[in-house]
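Chain lettering (A, B, C, D and E) follows the sequence in which the chains are written, and residue indices restart at 1 in each chain.
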Amino acid sequence: SSAPDGTTVTVYAAASLTEVFTGLGADFQAANPGARVSFNFGGSSALAQQIGQGAPADVFASASPATMEQVAAEVDRPVTFARNRLEIAVPGGNPAGVTGLADFGRAEARIALCAERVPCGAAAGEVFRAAGITPRPDTLEQDVKAVLTKVRLGEVDAALVYRTDVRAAGGEVEGIGFAEAERAVNDYPIAPLKRASPRGRQFVDFVVSQAGRAALTAAGFDVP
Amino acid sequence: MSLRAELRVVRDRFRLDVDLDVAPGEVVALLGPNGAGKTTALRALAGLTPGGRVRVDGAAWDGLPVRRRPVGVVFQDYLLFPTMSALENVAFGLRARGVRRAAARAEAARWLERVGLAAHAESRPRALSGGQAQRVALARALATGPRLLLLDEPLAALDAGTRVHVRAELSRHLGEFTGHTVLVTHDPLDAMVLADRLVILERGRVVQEGTPAEVARTPRTDYVAHLVGLNLYRGVAEGGTVRLDGGGVLTVAEPADGPVHVAFPPAAVSLFPQAPAGSPRNTWPVTVAGVEQHAHTTRVRLDGAPPVLADITTATLADLRLRPGDALWAVLKATEVRTYPITGAGGG
Amino acid sequence: MSLRAELRVVRDRFRLDVDLDVAPGEVVALLGPNGAGKTTALRALAGLTPGGRVRVDGAAWDGLPVRRRPVGVVFQDYLLFPTMSALENVAFGLRARGVRRAAARAEAARWLERVGLAAHAESRPRALSGGQAQRVALARALATGPRLLLLDEPLAALDAGTRVHVRAELSRHLGEFTGHTVLVTHDPLDAMVLADRLVILERGRVVQEGTPAEVARTPRTDYVAHLVGLNLYRGVAEGGTVRLDGGGVLTVAEPADGPVHVAFPPAAVSLFPQAPAGSPRNTWPVTVAGVEQHAHTTRVRLDGAPPVLADITTATLADLRLRPGDALWAVLKATEVRTYPITGAGGG
Amino acid sequence: MIRDRPLVLVLPALAGLAFLVVPLLGLLVRAPWAELPARLFSAEVGNALRLSLVCASLATALCLVLGVPLAWLLARGDVPGRGLLRALVTVPLVLPPVVGGVALLLVLGRRGLVGQHLEAWFGVSLPFTTAGVVVAEAFVAMPFLVIAVEGALRAADPRYEEAAATLGASRWLTFRRVTLPSVAPGVVAGAVLCWARALGEFGATITFAGNFPGETTTMPLAVYLALETDPDAAIVLSLVLLLVSVGVLAGLRDRWVGGAG
Amino acid sequence: MIRDRPLVLVLPALAGLAFLVVPLLGLLVRAPWAELPARLFSAEVGNALRLSLVCASLATALCLVLGVPLAWLLARGDVPGRGLLRALVTVPLVLPPVVGGVALLLVLGRRGLVGQHLEAWFGVSLPFTTAGVVVAEAFVAMPFLVIAVEGALRAADPRYEEAAATLGASRWLTFRRVTLPSVAPGVVAGAVLCWARALGEFGATITFAGNFPGETTTMPLAVYLALETDPDAAIVLSLVLLLVSVGVLAGLRDRWVGGAG
């Protein structure tokens, strides 16, 4: 593995950050000649497990504060560097004619949501409570990607996913915004590990810098 | 109608090239040294090894898959299904022909009884002795009533007593059988008692064929001469005497009744210039028909009632100065004569 | 020192209870009807089936795993390793004993040559005929030079000619062999030619044992009587005559040289009140030592040079009115006598 | 009957066993035992467990019905291009399960190649149903059965089938009464693999059938969801799944697994 | 030699084949073919593919070395509690792979039961290395080999081993020269299963070995990442993996798969 030799930064990042962080990594290397960024993308919880077992990470960027909490003993002061908000996703052409959150309560509509236990599911729950709607989902997926797959293939008529995901899916998925989305945003915390090299802290700084914020915004994230 | 087969099989180091005709009801014994191609010929007849053409009762069997050929095969290594009991093995062929379970099992039980294995009906093949397994294999092949019976050394593993019994049972069965039978054996007695005709293979080819008597009279190779050293007759037994179909009466040691085969080796026949007094029960006048010299013995063909072959040493030949037409007395001890019932079970 | 075995095996429907002693160099033939327990006894001796106790040369074999017992086994169904060639099968035991590959193969090739299969060294068992496979199995068992040879019908699948050859080879081998041999066979001739002592099993028990001559003289059951109908001698052959070790000279049809077994069935012996003139080459004076009645024949024990058994019919017995001490002439045709070389290969 | 066991076999065997079993010890050490009873007897876990067992067993049955004949065709059917066919059978093994699930959706989903007709003609829709779970599990687990049974068939002596043919048995009867019993240990081995794989199936199931408690939430799905928030709970759930599976498999009477041995 | 094939076998066999292969067609139809060549020849994919093949093959080798003796011990070793042992072997099958990865971390991780000593004494650390990928794949794939080989061993006639014993062969020699060749088709079947499963392994690998391009990013991990951003690319990557795997397996000469048939 890449030893923390001061020139290589090993970043453990949630899979949903793959595209943004890969770009940021290249920018960081360009900005810091001699530095190398090596990524380990995966599910936030698996990454947390690995860090808990002493994985040689310098930086951990998680998709939820809860997973960051699991490794609280290992990291320095996490900061929220991005937020994601929910959007209604419908298959291209919106065949079921979904217009808003209210459609999630219709019995005949096929609905996919994230499970309550995962961040997007928790957020969805808050949104529905705020809107006073009881959704009738057909499936409670384990992550946003699984939800999105079902939308793309037209297996469900509507789903709640993150805006970044709708953005990434291109024309196959249409997004419909709604007001209650403000009530439940998902925070992405980032933190250097306690044993991290200075370069690690430098990378965290880079992510929260102006350049980082621009890249995150371009990918559809809100930045604090 | 009959069976006509032209068998052509090519193996790595071996080529079989045999023409075979078997009339309905006829039993042909296939004889020959190890590796002569006997098993290969049976496999080709059954369709298990492709090669050559087979016509039975006017129908070509060539395109026919094995399972549509009405054959019954006793394999040299039995090939009893290891996961079935002896009874299930025998019943299998009947079940395959659509016989109902209960009927098939009852029929199978009868067959096992006939080969003396009623007590082992529920045994798995692994729990059978070699001889027991062979008898189950025989019962399995016979139970389906095939048109063509292919028997590969069906009695080889049997003990002497059982062999006599099973041979008699088989002989009775084959006597009533209207299909074709090809029997492989190394035992000349089995061949001569059970078969109507012998076909002798060596190195994949037929070297001689004919009735047992013909082959015995003019053996063409050493293997054959060694093999068929038997005088064989049919006759009707009544107590201790057998009236031979071709004329003549023989006294035998073991009383029998009804149609029998009678066999004794040419070596058992003594020749005397005058009729001697003594223990031998059978003494009859014969005339010399021919003399053939083999490696160490001389085979004398004798006319009489019955006509008979006698093997004598070259020294004896010189002593007796035999010439065709000479009148002699043939002497044969009753204890040398073996009888085998042609129908009906019971030991020889 | 010798082999002492108390074999006790219990099976579902079968119980083996046999005590066996084999002296060094001795060959014991185990005979008996199908299912008598012969194979089971061999398996128990080899350690393949647990049961009873075996001591060889003073050492208890009971705790010994099979592979540490210096045995050589010919299985009734051969059990040649299907994934090895014939040569590799024979070489396997040598390789297991640490012989180097090249040496083991050379030795194996010699053994294959001895059993007449040099040409099939590279064949897989599936490409061997039944008789060929049996010969490979024999070579495989002998090649390791075991202390205890266990042969389960080692000649059953051989044709007559090969059988004579292999029997002679085996006889020669066993003659030089200082270990113990137990041989299962259904062929009385194999038993009498190859074995020093017969042990006869029926239903898992020993019903009789003794030298071939003893057993032949006083058969205790019908199975035994049927089995051992042979006069057997040792002697030294010179051309057409054999000088018997126990006295007497016999003329034989097939010339031989050196030590031989000489065998002929009691039924081949004719008895005459006076010496007759005629074809039989062997005529010698005998006196009646005893008469035993069997089912259909009478076995007469006769003293003389050689002493001899003769089977005659009951009618003949009445005719001749035999009593112990009566003087008679025994007559035997030379062609009835078979000789088997005791050492050195070559046909009988 | 032969008691001595060579070290050259026993040592790697024990190493292998340790390799497979010691990680389980790791889980056992780590598991929050205090939680276990509460978890075990919760309705949620009970439902998921029952669903897992039912679906894995149904999937195994489906695999047996389709897979054993397929193994036979590969081993004995004399079909052209057998090597390629055999390789194709392993496709679901190599396909990442989530992609397998996508593939199933593309074919059996409501807009899938076949699925749209299923829906239109029969009103049957597999995704998001328990039947969908069975299908997904069967898809992923069937190769294990097919390859294991084919291996057993190839090792079996074909001459018994010849003997059956001479007795007039059709290939079906021969297969049923002669071939199948003689490869029974291989079929059992394949079925065990198949069942265990189906029981642990996650990716294809959640992708094709979704996750709805009581209907499609099997234990592995529950484990994954738990992993996101409460890894210790996930470990407990896994141990429950394991315990049940080991119990079921250890309880298979040796007679069924037996065969020649 | 027997040409007629019973429908009652052929129909389910074809249904089974269709079930396994048609979803692949779904993927093929959906795949963005235009992208394929570009993907295929990218260095990234090349690296991942090479790594996948190397790791799966090494894992299979490891499984053969440890798994075949283990199968032998289960089938012939006369060990007590065999049923339980056999069930324990299936543990990695039932364990959701991610949990399997966690279990491996708990044991072989830097702070694991065994791992901490490995690190302290030998300076060896498995997680997050290519060796770790091999270990994770072997852990998940070994049960397939063990169960398949054990099934083959149980179906083999033990009397050949008896014959070998009478010839003085040690159990090791017997195993090597007699037993193993006679179950070769079963071992090949098990190895194929094992290799294919290792090739497709994802959950345990990403958890235990992480996801470092060039070092631990195998094809399934690449597919997973692609799924996050570009699902069509994920399908293409899966197809590449499949193509290579099918190619390798179809290329296995029939002789190796052959055996008795």
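By definition in this document, contacts are C-beta pairs under 8 Å (C-beta built on N, C-alpha and C of every residue); 3 or more make two chains touch, one makes a residue touch a chain.
Keep in mind that this is a model prediction, so the values were computed, not measured.
Shared contact partners of chain C and chain D are B, E. Chains touching both chain A and chain E: D. Of all chain pairs, the one linked by the largest number of contacting C-beta pairs is D-E. Placing every chain at the mean of its C-alpha atoms, the farthest one from chain B is found to be A.
Because chain B and chain C carry the same sequence, their contact can be compared by residue number, and over half of the numbers here are used by both.
With centres defined as mean CA coordinates, chain D is found 56 Å away from chain B.
With centres set at the average Cα position, the gap from chain B to chain C is 25 Å. One simple way to say how far apart two chains are is to compare their mean CA positions; for chain A and chain B this gives 88 Å. Shared interface positions of chain A, i.e. residues touching 2 or more other chains, are given as 43, 46, 49, 149. Annotation for chain D: residues touching 2 or more other chains are 2-4, 98, 102, 105-106, 165, 170-171, 182, 184, 224, 227, 231, 260.
Shown for chain B are the residues in touch with two or more other chains, namely 48, 65-67. Those residues of chain E lying in contact with chain A across their complex are 98, 101-102, 105-106, 109-112, 125, 127-129, 206-207, 210-213, 215, 224-225, 227-231.
Every residue of chain D that touches chain E in the complex is listed here, in rising order: 2-6, 8-17, 19-27, 29-30, 65-67, 69-70, 72-73, 75-78, 82-100, 102-108, 112-114, 138-139, 142-144, 146-148, 150-158, 165, 170-172, 175, 182-190, 192-193, 196-197, 199-200, 202-203, 220, 223-224, 227, 231, 234-235, 238, 241-242, 245-252, 254, 257-261.
The touching residues of chain A, counted against chain D in their complex, run 43-46, 48-49, 64, 66-67, 70, 110, 112, 115, 117-119, 137-142, 146, 149-150, 153-155. Listed in rising order, the residues of chain C touching chain B in the complex are 11-13, 32-36, 38-39, 76-77, 119-120, 123, 127-132, 135, 152-153, 156-163, 186, 188, 222-223, 226-227, 240, 251, 253-255, 265-268, 270-274, 276-281, 295-297, 310-313, 315-316, 319-320, 329, 331, 333-336.
Touching chain C in their complex are the following residues of chain E: 159-160, 162-171, 173-174, 177-178, 181-182, 184, 260.
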